[in-house]
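Read through the structures below before going on.
One chain, chain A, appears in both complexes that follow, with chain B as partner in the first and chain C in the second.
Presenting the complex of A and B:
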């Protein structure tokens, strides 16, 4: 068999999910075994493509492809380095898990002659397409298109619930997403006016520290922070992630918010390290610290289970922003440690949070109501779901052995190496708050209660959540290989700033 | 001052005015219209600033065409959600904006 090069694989990661989105629209009115089989094939194909691309790039280095043979500036250039392909693989795995969860629901509903929400699958495949489009984009404008498509499909998925709260949350999410992308686009306009190109590698050569560039980067940063729900711009996130259908919440918290963060990372550290200042990085770090503390506190006080997990996402996104003050204006070793810690946290959080949302959804389906207090007595009936919730919690808290622990350990070492010990206090109190809200769920679950009734749930739910949680833990035992792939070739690792 | 630079300045004024409207109004349709005016301002800046003193440039024009398609799709989605929200709640503003 002749080996397919990574460059030839790249367009298929956009074409395949887009094709399945079209197929999904065509077979939307059908239900049952046929749709499940069609989407199972799509999911398997997507995971296979993701694995092939990852192994190819991990073995033989970065790849690029110009769609249709048209090169930049008019054509669409795709490129894949170690970080991009790791995120492609992460997207494939987490979205596959969520798809299996939905298939389990559809099969159970088919057996019981019940309705399932329509139009999930087309939006699901569009979401996957736009995520791959962002990870693999080679210029600032395609990142904008990816960002908009991601926002629109995510808003559609939130609205699927159809209730009044689902619609108001979707509208609020849409307004934030539109404002964020316009701020980003305005920044793109200023960059193009100043440098006459938007291709990332060319810009990286050209960009200088001057006021207009810094204004552009500030605008793009504000827009992307709004889309990543950085405190205090996070108001839209908890209702949207809390009210959505369970697998949608998992996709949104695990992957969608990472899309805009990824663009921010590329912008600051690949494209314009010369133009960003340590002061701005400290500002982002302070907001991140605010997110860790405020999100954790809100999660502690939240009466509803899924809203609790959504507030936890706000807090965990805060850790990603602690990376900026550790990597801008510090030494090479501190910046390298911080980059490793941040990227590992991003991946570990994707696994842990999707597992936690899926487990919470299963617990709510069993209890019939969504309050944390409604879980009283569930420990006896749903040990598997609670175990998955707990494993995910271990990684979020940062207890060893887990991906979350290794990530926070690396961030902590970076804070010590750069002499910024005050970030340690944030890391530690964030961990305590996380422990607080995870144990709160456990305390309620093990309350003995004679009169509570629980509906049995499909076995598949627990297996999906457990697999994802186990991956978050496994990432703690084998961090080295994915980390060396993700960080290979990144400018920040060589002390780019 | 040449025409291209004038377009860019008009774009800045439009963007600022529409952003003010977007942030202060509670009526969702008004906010949606404000978003569209903001988009128009951004497109004027994108083309005007890029062509200022350099003559016609096809790249920003292609970008703006794509941007218009994206803005139309976003507006369509917003209108559908808005109509459904109005049918369910008989309200034109989000719950936390109603006072």
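Presenting the complex of A and C:
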């Protein structure tokens, strides 16, 4: 088995989940032990592939795979650097946790002869395929296809809720996603017209600072910001993430919105650092700050628990955009600190937010209703879920020790190193707002209430949420190894702009 | 009403701005130094087909096509998940002599056209997507005229046909990997045959998926429709 190189491993991360999507369609009518076993095998295989790829690239450097045996620009290349394989592993772990949550639901439903949503698994595997496709893509048009598959499977998963609000939220999400993809595609067409190639490594050498290129980058940036729900283009996110089934919300907030952000990062810092301007970066930073404050404020006054967590996603995505003004047009050390902070925040938020959504879903299942006020008295009955919620909250607030704390600390140091102290105020007030809405949930939960009834929930739910939350915390204790893997070989670390 | 006007204004201004920017930018574009068409011409002899678009779609960039087929599967799955159950069958229409005769005559022709388009794909414009669309059109015609009760639903048979094209494509992909080759690197001697086989399988699934989107679309509810439009 030692002979398998990372390059040979790459395509299996696409073939395996796609094969499980096909299998999932074929066994859709079956319920119970068989489906759970089949998908458990798929999840284990996927995690094993992710771990193997990560260790191989972390040990012996980036890998590539020329699809069809045709080298770029004629063919399409897959490439795996440290950042890509870290995100592949993150996807494997978070999606596995969500899968276990769904399996727990299915087992409980099977025992109780209840119905579970149909066609979850095919869409789940298609979503995983598209995420891996995006992390590993080496071609602008291929990224577009990946975005379309990601968007459509995510919209489908939201619609599975089946209620009228689920359908209208899904439709709104679909429109936003389509508009974003089209803006991106328009930019891709312009790039192709100007340079005659779509391969990322080639484009990185060719791209120059000229009006057509900048227009293309601007169009792609707008499209990707819409898909990442950057304030003020975030209106579609809270209803979609708030109304979806709990494990779907976790997948969407933890991973899906990161897909379009990842493309934006690659575009600005790997492909076209010559064409982007500090002014545009400051603009993205201002919008990010708007997201941190507005999302936090909305979460603070939101009456429904899952919507509160969804607004929190809008705010936390804002931090990702604070990275742009800290890394474009600043010194090497500020840019390096900002990159580390942003990437760590991306990973820590994925763990913390999926944990928080899963814990919230469990609390709602126990309380039977979705309001924050309905949690009164739940502290006594559901200590484990509440503990997971709290641990995730620690990372989101940026309290030590947690991945979220280290990430915000790095961003803060970068703001100081580049002399942009005003981003500090955003970081601090964002943390306060986060503390505000997390403690709001706790205040309600510890209210003593005699008349509230709680349904017991499966144990598995709590273990899954706790594991994810513990990972967000553990990331604060051991940030160095994943950080050095993620940032190795990135142009921005060497002061590319 | 006020919001609607504001929205239209925003949309109008954005469209005009993007239009002007594109117009300006296209005027100053440089001539690319890389020429993909030339690279395609060079590699054509090894592609297994003699039409360049088919070579790009099914050989040079076959991975894009594989993911696009996955996009179609996602659409079909969402439609299946959301279809109304139990469904009301569309009432059988009154027999119309002219319509029925026309549909009966044209359906075999459409099947023939689809087969030709599939076959032609390797040498001239054509291929799985075109052939699949024609087949799906024939199925829609049969359904609308009430002559055949086709439907794509939860039955195993339906699901098998929906994933058939993707399965064949994936098996070829896995086969190339297991043979120690890059993903979808066909052996040159087999390339033509493999591409035709994949395209044939895709034709069937594309036709069924497109028809299923028509078949599983929610039946229009006349009372609800105007209200929704007003709200949007």
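Quick note on the criterion: the second predicted complex is superposed on the first by the 494 of 497 C-alpha atoms of A that agree within 3 Å, B and C clash if a C-alpha of one lies under 4 Å from a C-alpha of the other, contacts with A are read in each partner's own complex, and residues count from 1 in each chain.
Note that in this section contacts are C-beta pairs under 8 Å (C-beta built on N, C-alpha and C of every residue); 3 or more make two chains touch, one makes a residue touch a chain.
Predicted, not measured: the structure shown is a model, and the values here were computed from it.
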item	value
Which superposed partner A:76 touches (first chain B, second chain C, both, neither)	second
Touched partner set for A:416, first chain B, second chain C, both or neither	neither
First, second, both or neither for A:45, with chain B first and chain C second	neither
Contacts of A:64 with chain B and chain C, given as first, second, both or neither	neither
Which superposed partner A:286 touches (first chain B, second chain C, both, neither)	neither
First (chain B), second (chain C), both or neither touched by A:152	both
First (chain B), second (chain C), both or neither touched by A:179	first
First, second, both or neither for A:206, with chain B first and chain C second	second
First (chain B), second (chain C), both or neither touched by A:164	first
Greater residue coverage of chain A in the superposed arrangement, chain B or chain C	C
Chain C-contacting residues of chain A that also contact chain B	73-74, 141, 145, 148-149, 152, 155-156, 159, 167, 186, 190, 192-193, 196
Touching residues (chain side chain A, partner chain B) in the complex	73-74, 141, 144-145, 148-149, 151-152, 155-156, 159, 164, 167-168, 170-172, 174-175, 178-179, 182, 185-186, 188-190, 192-193, 196
Complex interface listing, chain C residues touching chain A	18, 21-22, 24-26, 28-30, 32-36, 39-40, 43, 59-64, 66-68, 70-71, 73-75, 77-78, 80-82, 154, 156, 159-160, 162-163, 166-167, 170, 173-174, 177, 181-186
Complex contacts: residues of chain B adjacent to chain A	8, 15, 22, 28, 31, 35, 38-39, 42, 45-46, 49-50, 52, 58-60, 62-63, 66-67, 70, 73-74, 77-78, 81-82, 84-85, 88-89, 94-95
Residue numbers on chain A that touch chain C, as the complex places them	8, 11-12, 14-15, 18-19, 21-22, 25-26, 28-29, 65-70, 73-76, 117-119, 122-123, 126, 129-130, 133, 141-142, 145-146, 148-149, 152-153, 155-156, 159-160, 162, 167, 186, 190, 192-197, 202, 206, 210-212, 215, 219
